[in-house]
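Please find the structures below.
Consider the two complexes below, in which subunit A is the common component and subunit B and subunit C are the respective partners.
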Partner chain A sequence: MDIALIHVFNALLYASVLFLIAGGLSLIYGVMRIVNLAHGNLYAFGAYVSAWIIGYLSTSVAVGEAGSGAPTWVLLALLPAGALAAAAAGALLEPTLLRPFYKRAEEYQLLVTFGLLMIIDDVIRFLWGPYPLSASVVFENFGSVTVGDTLYPTYNFLVIGVGALAAVFLWAFIYRTRFGVVLRATSQDMRMSAALGVNVNRVYVQAFTLGCFMAGLGGAIIVPSQSAVLGMGVDALILSFIVVVIGGLGSLEGALLGALIVGVVREAGITWFPEVELAVLYLMAAAVLLVRPAGLFGRA
Partner chain B sequence: MSVLLETKAVVKQFGEFRAVDRVDFRVQEGEVLALIGSNGAGKTTLVNLISGLLTADEGHILFRGHDVTKQPVKERIRAGIARSFQLVNLFDQLSALDNVALAIFSRQGKTRRLLSLADADRPVWQEATDVLALFRLDAHARTLAGGLSQGERKLLDVAIAYALKPKLLFLDEPTSGVGTREKAPIMDTIVSVVRSEGISAAIIEHDMDVVFSYSDRIVAMHQGTILADGTPDQIRRDEKVLTTLIGTPEPPRPSQGGG
Partner chain C sequence: MAEVNRRDFLSGLGVTVGTALTALPGVLPSVGVAHAQDKPKGNIPDTPFKIGHMTFFTGAAAVLGEPMYKGQLLAAEEINAQGGLLGKRKIEILKADENAGTDANVKELRRLKLSEKIDFFCGITSSGNTPALGPVAEELKVLTIFVDGCTDFLFDKAVPNPHYIFRITNMQSADGVTGAVAAAMTWPRTKRIAHIHPDYSYGRNAFDHFRIVMKKMVPGAETVSEAWPKLGTTDFSSHITKTIAAKPDLLAISVWGGDYVAFYKQALRYGMFDKMHVASMIAFGVAPHAIGKDHPEGIIAGVHSNYHFTYPGGDKWPYNKTFVEKYHKRFNEYPNFQAEGGYTATYMLKTAIDKANHLAGGWPEDDAIISVLEGLMMAAPAGYVYIRPDNHQGYKDAITGFSKNVAEYPFPILDPNRIITIPIRNITAPPGWPKGEPTSTYTWIDKTWPQVAMAAEPAKAPGAARPATPAPAKKQ
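Let's look at the complex of A and B:
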């Protein structure tokens, strides 16, 4: 029973991070009709920035005391720095790099974002080198709780909480605010929104920034338990694609459901069929594509 | 009554074809006017010139005394010229309430604020709810626009234009594609809102019963020019209108209401 509970927690943990990444990817596609291949690397960028700041502050060098670094609450407060860095990158990239390509065929946008993927990869390698960057001090300081007879890291609950909060906030944001109305209208008919006086360029940069913020937040909250490593961006991108293929590209509800499905299947896979875990995920995506090509929540 | 809108010898040419040929057209404050004419007479082109979807080749358009001939659509909306669309153009995946709220947001021009608190927007949602109630759509506030009936979509279309708080509202065939029985309630609703708010309305309409019942004045267009301009009674007896537009020298049967 305890083991089952731990599997549930792990699945939720995984789903939380996946929702943040895939939700951002889906939001950007929903509004701008751009498949951002660099999205996974913005997640990685967020993870690296947070790990770097925490690694720097948690060592005695920075604080000047022997033996201990900044207290955990300070580190925790600085954790979202990675999300802000990814958002800033997004706010910079959309107007400069993506905007000139909206009127071109989709292939150009794919090429540009693929180029961006490789550039961010190299920027990370250049800034932080080839070795993993750890922020595990936060994870360790949180300690663990006992679930039945087993110890379970307390920090994981924080990640699940952040994922759940993000989902609630996003829902309220999209469906209950002024910006949400404008965003949904622009997503549905960009030209008509412009005719009504909506500044479409501004909506685009805001949506892209928000999407990148979500990816960066995913990276920032997971890095204390997993470290930032090269290649994490592409791994996340592939899993996000599975999530949005299952849930429906452009739908936040779909991203949430897809993330939960992938989280559960992945946890089950790691436990019972580790050899074919990824294959099962791909097969599920393929099955959804066969039955409902637009995804479970997708617009046809 | 003073003049709200005036076009002075406006011309719009499409290649060889003169869609609007030196038209002098006026709308008085607070009047409900019908624009009639066969297809290709230039009604929609004239409205497009006034609302800014097209730019006039020659002539001037004055709105409340200001020359708006070269202004873009957005500025004309701000100035108070709004129109509903002939092909009902709604955001189908937004609720009726959201559709109206969007118009209010764009009227306020504050869509730039990314994080406005919910409280700051409460008056907007209230206003949107009130607008829906005016158009008898309050029961459908949460319905996606795509799920409304054709008649309700027509009303929502006008409600959106109304939410832009216009001084002058163009209604492009507000009852086209709607069953005969639905026409009167739709027009009753629209015209009563327009009259109670003192908005001037110009209605493009093919249904002569609707035209004669609801308008104060009728402007008949033919081949890009104004053929006749007068009260419903004058138009009903106008020889030129009867022969060119209605195609028979017999006067049309008197309509109920009488305008």
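Let's look at the complex of A and C:
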């Protein structure tokens, strides 16, 4: 029974991070009709920035001596730095790199974002080298709680909480604020909103920044319990594609449901059929494509 | 086949704990250019000697690729400082990124040979790439030493009769075998074994060889859980939960690099290390300095059965001491097994060229270099390395050990008093053994190793090592 509960926590943990990444990807596509292939690397960038700051401040990571760094709450407060860095990168990239390509065919946008993916990859390696970067002191200081007769890392609950909060805030933001109305209007008909006086360029840069912020937050929040490694961005990108294919590209509800489905199926897969863990995820995406090509919540 | 007692079996394998390498007197070639050299004979051109070095410069495996390149770079800089190969030909390294994918790598090797006219090809990390590049290197007739890409498949199947290609790191099967031998002698009363391995050829290979050795040495132990995380996984929550739920007393794991760092940090918080013994094939092999002091002590922390920079330690083996000093001075980090491999491969080449020149004069033909490389034995930082003439594979004693924190390093190392070494000839299939499935070494172990008796002997401190006696694997 305890083990069953832990399986549920594990699934939620995975789903939370996936939702942050895939939600951002979906939001950007929903508003701007751009498939941002570099999205996974903005997640990685967020993870690296947070790990770098935390690692620097908690000398315990740098030299391996316990208790010689900043207190946990300071580190925790600085954790979102990765999300802000990713958001700043987004705010910079959209007007300079993406805007000139909106009028071109979609292939150009794919090429540009793919090029961006490789550039960010190299920038990360140039700045931080090939070795894994760890921010585990936060994860460690949170310790573990006892669930039945097994231990469970307390920090994971924080990740799940952040994922849930992000979903609630995003929903409120898009359905309950004036900016959300403008965002949805632009997403439905860009020309009409422009005609009605919406500054579309501004909406685009805001939406892109918000999407990158979510990806960066995903990286920042997960890096203490994992570590920042090269290649993490591409892996995240592939998984978020599975999520948005299942949920429907452009739909936040879809991203949430897709993340939950992938989280649960992965957990079940690892536990009962480890040999085909990955295949099951792809098969599921294929099945959804056959039955509902636009995804469960997609607009055809 | 008669059953044997485990302790006799271990001493028959020549397993030693905590002993040091002793240097052979004489003229064995060694790495480094400290000793005086003969003057090269004949006319040597002064054109640069071009090495194509392909390894991972991007992606998660750059954690292995970069040190490999740095090892070769260090050796090349040392040789160039002495005037170059045979005092004349400066080494020039052309880098290529292995992360481009197998097909692109094959094309790049062709381009390097045909357009760049490389004299020598080196590098390669992935076991997926050597079986594709090996046949192409043979076809192009380009002299090659693979540093890694250590799959048994390369010389078992892909290129069973190599001429131009060699490989320097121990074969992959040595990993699973060494890990299992160490686990069997340390925790002989193991009953329930769980496995976590990355889901590609390396992890499969470790799983197969760990299992077959455990079957021979710890009869009655069963596999109670398997988890196959994809390479690049950093969330191990599910794999850890599953493993703990299966209540094993031993975990065998071959997850490496950043994946392993993430794994052990999470496993600590799940209390996993308190619930079971852990035997890793490669925990400290990839990036020794990326492991924190929070890493549990006393687990078997494998080094890909190849090399850890602290062994042979101190002044016992000067080739290692000077190598580690020079490497640390040059790159401000400690070398892993790839760095040692890249360094040693370069000096093997140099030695072969020197010897071939000594025999015939002038710049030697590739065939002359190859005939010297076949059967060459050298003193390298990791110990003696020997190139077996029949399959062009480098062999050195397999090593593993137990994690321990010491004051000298800000990260854990292998406990210097409990290093386990196994003569490689006793854990790999001998020349002439028929090619087998999944590997020749697997079928050789299965068919020739005696079965340890099931008797419940008390757990004894291992390592009452006798001098290496013949392998237990003599044909009956």
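We take it that the second predicted complex is superposed on the first by the 292 of 300 C-alpha atoms of A that agree within 3 Å, B and C clash if a C-alpha of one lies under 4 Å from a C-alpha of the other, contacts with A are read in each partner's own complex, and residues count from 1 in each chain.
The criterion applied here is as follows: a residue touches a chain if its C-beta (ideal position, glycine included) is under 8 Å from a C-beta of that chain, and two chains touch if they have at least 3 such contacts.
The structure presented is a predicted model; accordingly, all values stated were derived computationally and were not measured.
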| item | value |
| --- | --- |
| Partner chain in contact with A:S227 - subunit B first, subunit C second, else both or neither | second |
| Partner contacting more residues of subunit A (subunit B vs subunit C) | C |
| Partner chain in contact with A:E106 - subunit B first, subunit C second, else both or neither | neither |
| Touched partner set for A:S136, first subunit B, second subunit C, both or neither | second |
| Partner chain(s) touched by A:L196 [first = subunit B, second = subunit C, both, neither] | first |
| Which of subunit B and subunit C A:S144 touches, first, second, both or neither | second |
| Partner chain(s) touched by A:N10 [first = subunit B, second = subunit C, both, neither] | second |
| Footprint of subunit B on subunit A - complex, ascending | 176-179, 181-182, 184-185, 188-189, 192-193, 195-199, 202-203, 206, 299 |
| Sites on subunit C touched by subunit A in the complex | 57-63, 65-66, 199, 226-230, 232, 234-235, 237-239, 241-242, 244-245, 257-259, 261-262, 265-266, 268-271, 287, 289-290, 292-294, 410-411 |
| Subunit A-touching residues of subunit B, taken from the complex the two chains share | 73-74, 77-78, 89, 91-94, 98, 101-103, 105-107, 109-116, 118, 121, 124 |
| Subunit A to subunit C touching residues, read off their complex | 3, 6-7, 9-11, 13-14, 17, 61-66, 121-122, 125, 129-132, 134, 136, 139-140, 143-144, 150-156, 222, 225-232, 235, 266-267, 270-271, 274-275, 277-278 |
